Amino acid sequence: MKHKAKILGALAATLLASSAAYAGEVRVMWYSDGVEGEVIKDLLDRFQKENPDIKITLDNVAYKVVQEQLPIQLEAGQGPDIARVTNIKELAGHWLDMRPMLKDAKYWDDNFGSTLDWMRPDGSDAIPGFMTQLTLTGGFANKTLFEQAGVAVPGEKATWDEWVDAAAQVSKSQSLPAAFAIDRSGHRISGPNVSYGANYIAADGSPAKIDDGVKAFGSKLVQWVADGKMLKETWVAAAGSTYRAAADDFINAQIPFYYSGSWQVANLSSKIGDGFDWVATGSPCGSAGCSGLKGGAALVGIKYTKNPNDVVKVMEYLGREDIVKEFSERTLFLPAHKGVVDKGGLKWVSNDKNVAPALDAFVKSAGQTLPAADALPSWKWANAYYAALVTRLSQVMAGEMQLDEAWAKMDQDIADKVAQAK
Amino acid sequence: MSQVVAFLTRRRGGRGWHWTDIFMWAWLVGGLVLMFGPALWLVLSSFKTPAQLAEFPPTLLPYATEQVAVAGYDKPLNLFTAQLPDGTTRVMAEVRRVGTVSQLVDPKAPGEIFKVNIADRQPVREIRFATENYTQPFEHFDFLQYLKNSVFVTVVATLITLLTNSMAAFALSKYEFRGRNLVLLLIVGTLMVPLSVLLVPLYSVISAVGLFDSLWGVILPTVATPTGVFLLRQYMLTIPDELIDAARMDNASEWQIYWRIVLPLAAPALAVLAIFSVVWRWNDFLWPLVVLSRKELYTLQVGLNTYAGELNVQWHFILAMTVVTMIPVVLVFIFLQRYITAGIAGTGLK
Amino acid sequence: MTVQTTIGQKIGAAIAAPISWLAAIVDAPLKLWQRATGTNGMAAFFLAPNMLIFGIFVLAPFIINFLYSTTSGNAFFLPDRNFVGADQYRRLLECGSYLDPSSCREDLFWKAVHNTGLFVVLQVALLVVVSMITALILNREIVGRSFWRAVFFFPVLLSPVVVGLIWRWILQRQGLLNSMLYQFGYQPTEWLTDRFWAFAAGVTVSVWAHMGFFTLILLAGLQAIPRDLYEAAEMDGTRPGRVFWRITLPLLMPNLLVVIILALIRAVQIFDEVYVLTGGGPGTSTLFLTQYIYEVGFASLLRNPGLAAAASILMGAVLVVLTLVQLQVGRRNEKKGARE
């Protein structure tokens, strides 16, 4: 038995040792869609050289970890010291308010002010972090396919119907499987919904019932799938709120038009290469406007850190204008830093002649988002709304239910989520 | 040669071909293609560039467009088989593409530029293995650390599984005591509920006992496998009680009976459990992903999933790393296959 | 003991070496324990380590899971959750007609129940037939039998995620199968976006992944059947079909029963490979119970851990009943076999 006690003692000791962080340690949890993991590693290595007293560890993780594991860790009062996250509003209670510790809080308010509400509880003036990347949803057109088909690429004020019709002509003449595709995501179709007059938010801030705007664009989507104009598999070949991108079909010149967002630029550039010419088109118009939807990933400090001062130091470094500029240029991400955006002149690190015009087009169309869309990133029920939209619409597309039933189910799904939070 | 044919076609009784023989060989060859084909294709795909992975129709082998250095151009140019305006078909190098028009030159006489519609030219391709899918992750991916963690988890979990499960199986098969049936029922009952539905409660247990972010948190929940206890118990039931009684006569302690008599006799079943435990623990993905958040603790399966982002998945890296993680399992398979199959057949799962 | 040692015994010896070293140290205090508690007291000792781990990491989560099912809220940890009694169960069971999922309040749960039921029936049937044919073939005298045995066992070694991934790359619209069809001049088929084909793909792929294991169990049974029975039948001129139904099948019954029970349990638990393959689509036609519970409890943006816990408790209850029935049938068959 003595041996056992000893073994248990040793076991307990190693466990304690492994979970205790020593002073000056800062762990950064980071997920990557592309090269940004390597870029941030470079930047942090540089910081590490200048600040040997802070030990930075970069944990590259799967997005699944950020989405599924991190929320439980946070609720248990654990977690990394800094994390790159997307579910920034719902978890806002767990972020560190850096305002009292920042050397120059005004710099943060001035440059990141417009997106701070996305990551802090309603009514708070906290500075939890900054957006590593601002995203905007928008379309991409395969210019070469349009040219081959002899169809003109629709102009700036073209509506969704005009875009889909033009793309359908191209797809017919080039015998492609479909005219266009939208990523399977509630976030992606919310900009278009707003363009048709949708408003998700009721006067008291709670979720509104599914309105005519959602119904207008939602029924168009269903019709386009039924007509074979919209690529069926992206939405149909999954259940629940699972995300599916249609990027590969665009890359492979299977669809002339693709509605996704600014984050795809780097991906498209590296995979299409010189295969064809492509352009970013901004968001097609609806009856109420031509809105996309903003979003992105934030880098935030975590409240439960043992070394808040060191966390702030790291964040101050990463939030510096020159660092944000370099990060954006190398990752081809749109910066969320006002100074960087206003000065312009970003030197995108890419040989691809399609990249710079595409990114510039996104910067330009960022001004066209409607207020109802701009309110969504800082609205805490947005995710519940997105999930209900995707789950039910794809059931309609698969022929499992009728639209009327779907609207009712969406209302119920969202109401359930609200009731559950009480 | 005819002897070989005779040998291959020899069948029961040595009489002529029966329809069952044709069916049998069709089944076996079809099985060979179906069982190995997909895995082989995965390996070939892992050598493709991201652009080639997205290509339709997909090719069996990884290809790249052939390039050639042409005088007067800094970079090597891509080669195409083009149908020229004069109707001839020649291999040309592409200088640039503008819209739907490709500008081509003859690599040997680069002076004259031909303009051809892109629909009239096909790339000349050669087989090229994109080994960078393998080498790049090794550069900025702590492969050895992940490998060490995976090996640690697999080995320790398997050892603990073998020890504790065999002890429990021994007690459940060779002793009469009150509540034995209750224990058995508990074990059989829990056999059936998959871990993936218990994630949240299990997580609260793990964090309550302080095993979060620890390899022990990955190991311990998996070692009390009801399957293992059940399998070993069924096997131990076939060990005659007389052996044990004789040992007791010789004043052997119960512990000695366990490790000197029962364990060696249960070796085939233990080995089967060991092999399954190794395969299961090596392949575990969801649970380690939930428990581990520091990269120095990552197992290979968790590590390779860092290439799965929110909006994009870097398939070329994931495929390559998947192939790497398959290697140990395949090695186990090659060296132990005769034994695995014979062992399972011999465990008397009755 | 025979002189010839199998590899298995060598492995067993290798595993036993460190244990025997430990065992020698442990033996002395254990003898004292044995003297104090008697021979049967040792049973408690042997059970203790396994039951301790089992209790903490399997049983406790089970109980917590039950407690979860009586609460609501978004919080992950029990103390922060609100007690609601049987509300979650009521919500799950609220249905116009249990045969029509869309009439239920939790339509996705019932859709998953229906899908799982159909999947279990089809998959187990196909699995048993395919494994049986393969086992019968491998039981014949064929050239390179151990090689062929290994061929069919190979997929068992792959992780479910890899299995799902491989087949998705083969079956997706731009996958290998369609490209082969296209090259032979056929129209590509939408394997994963057509309700029928996606379900069929789920069944087939899971049979592909697991048949090797079951084939071996059946093969073990076949090899235990005495040769002379077949020889006698052959001399009587009995037709092969009759031999199979009259000799092979009855004698194979115990193994077949194990195969069916294990296959049933695995089929009900189906998750990873089909999740990676189809994601539950098209629509919800391959949404199975485990995926539903995992998504509702953990992954989805509409997370509701209490509801997921209630669903898993219902699933567990059905499973236990199913197994008890199975075991009962098995016992009756054994008795019948003994009488004959």
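Note that the chains take the letters A, B and C in the order they are written out, and that residue 1 is the start of every chain.
Here is the rule we use: contacts are C-beta pairs under 8 Å (C-beta built on N, C-alpha and C of every residue); 3 or more make two chains touch, one makes a residue touch a chain.
No experiment lies behind these values; they were computed from the predicted model shown.
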{"item": "Maximum centroid distance from subunit B, chain identifier (CA atoms)", "value": "A"}
{"item": "Middle chain, criterion being Cα centroid separation", "value": "B"}
{"item": "Chain centre separation in whole Å, for subunit B relative to subunit A (CA means)", "value": "32"}
{"item": "Distance between the centres, which are taken as Cα means, of subunit C and subunit B, whole angstrom", "value": "18"}
{"item": "Geometric centre distance via CA averages, subunit C-subunit A, whole Å", "value": "38"}
{"item": "Set of subunit B residues in contact with two or more other chains", "value": "54-56, 200, 203"}
{"item": "Interface hub residues of subunit C, defined as touching at least two other chains", "value": "26, 76-77, 174, 298"}
{"item": "Sites on subunit A at which at least two other chains make contact", "value": "67-68, 72, 76, 248, 252, 254"}
{"item": "Partner subunit A, residues of subunit B touching it in the complex", "value": "50-51, 54-56, 97, 99-100, 118-119, 140, 200, 203, 207, 210-214, 216, 289-290, 293-296, 302, 305-312, 314"}
{"item": "Subunit C to subunit A touching residues, read off their complex", "value": "25-26, 29, 72-77, 80, 102, 107-108, 172-174, 190, 192-193, 195, 198, 278-287, 291, 295, 298-302, 304, 306"}
{"item": "Of all residues in subunit B, those that touch subunit C in their complex", "value": "7-8, 10-12, 20, 24, 27-28, 31-32, 34-36, 38-39, 41-42, 45, 54-58, 60, 162-165, 167-168, 170-172, 175-177, 183, 186-194, 196-205, 209, 220-221, 223-224, 226, 229, 248, 253-256, 258-259, 263-264, 266-268, 270-271, 274, 279, 282-283, 285-286, 301, 322, 326, 329-330, 332-333, 336-350"}
{"item": "Touching residues (chain side subunit C, partner subunit B) in the complex", "value": "6-9, 11-13, 15-16, 19-20, 23, 26-27, 30-31, 34, 39-40, 42-44, 46-47, 49-51, 53-54, 56-62, 64-65, 68, 76-78, 133-134, 137, 140-143, 146, 148-162, 165-167, 169-170, 174-176, 178-179, 182-183, 208, 213, 216-217, 219-221, 223, 240, 254-255, 258, 265, 268-269, 271-272, 290, 293-294, 297-298, 305, 308-309, 312, 315-316, 319-320, 323"}
{"item": "Residues of subunit A defined as touching subunit C within the complex", "value": "1, 3, 67-68, 71-72, 75-76, 177, 232-233, 236-242, 244, 248-249, 252, 254, 383-384, 386-388, 391, 394-395, 397-401, 405, 409, 413, 416-417, 420-421"}
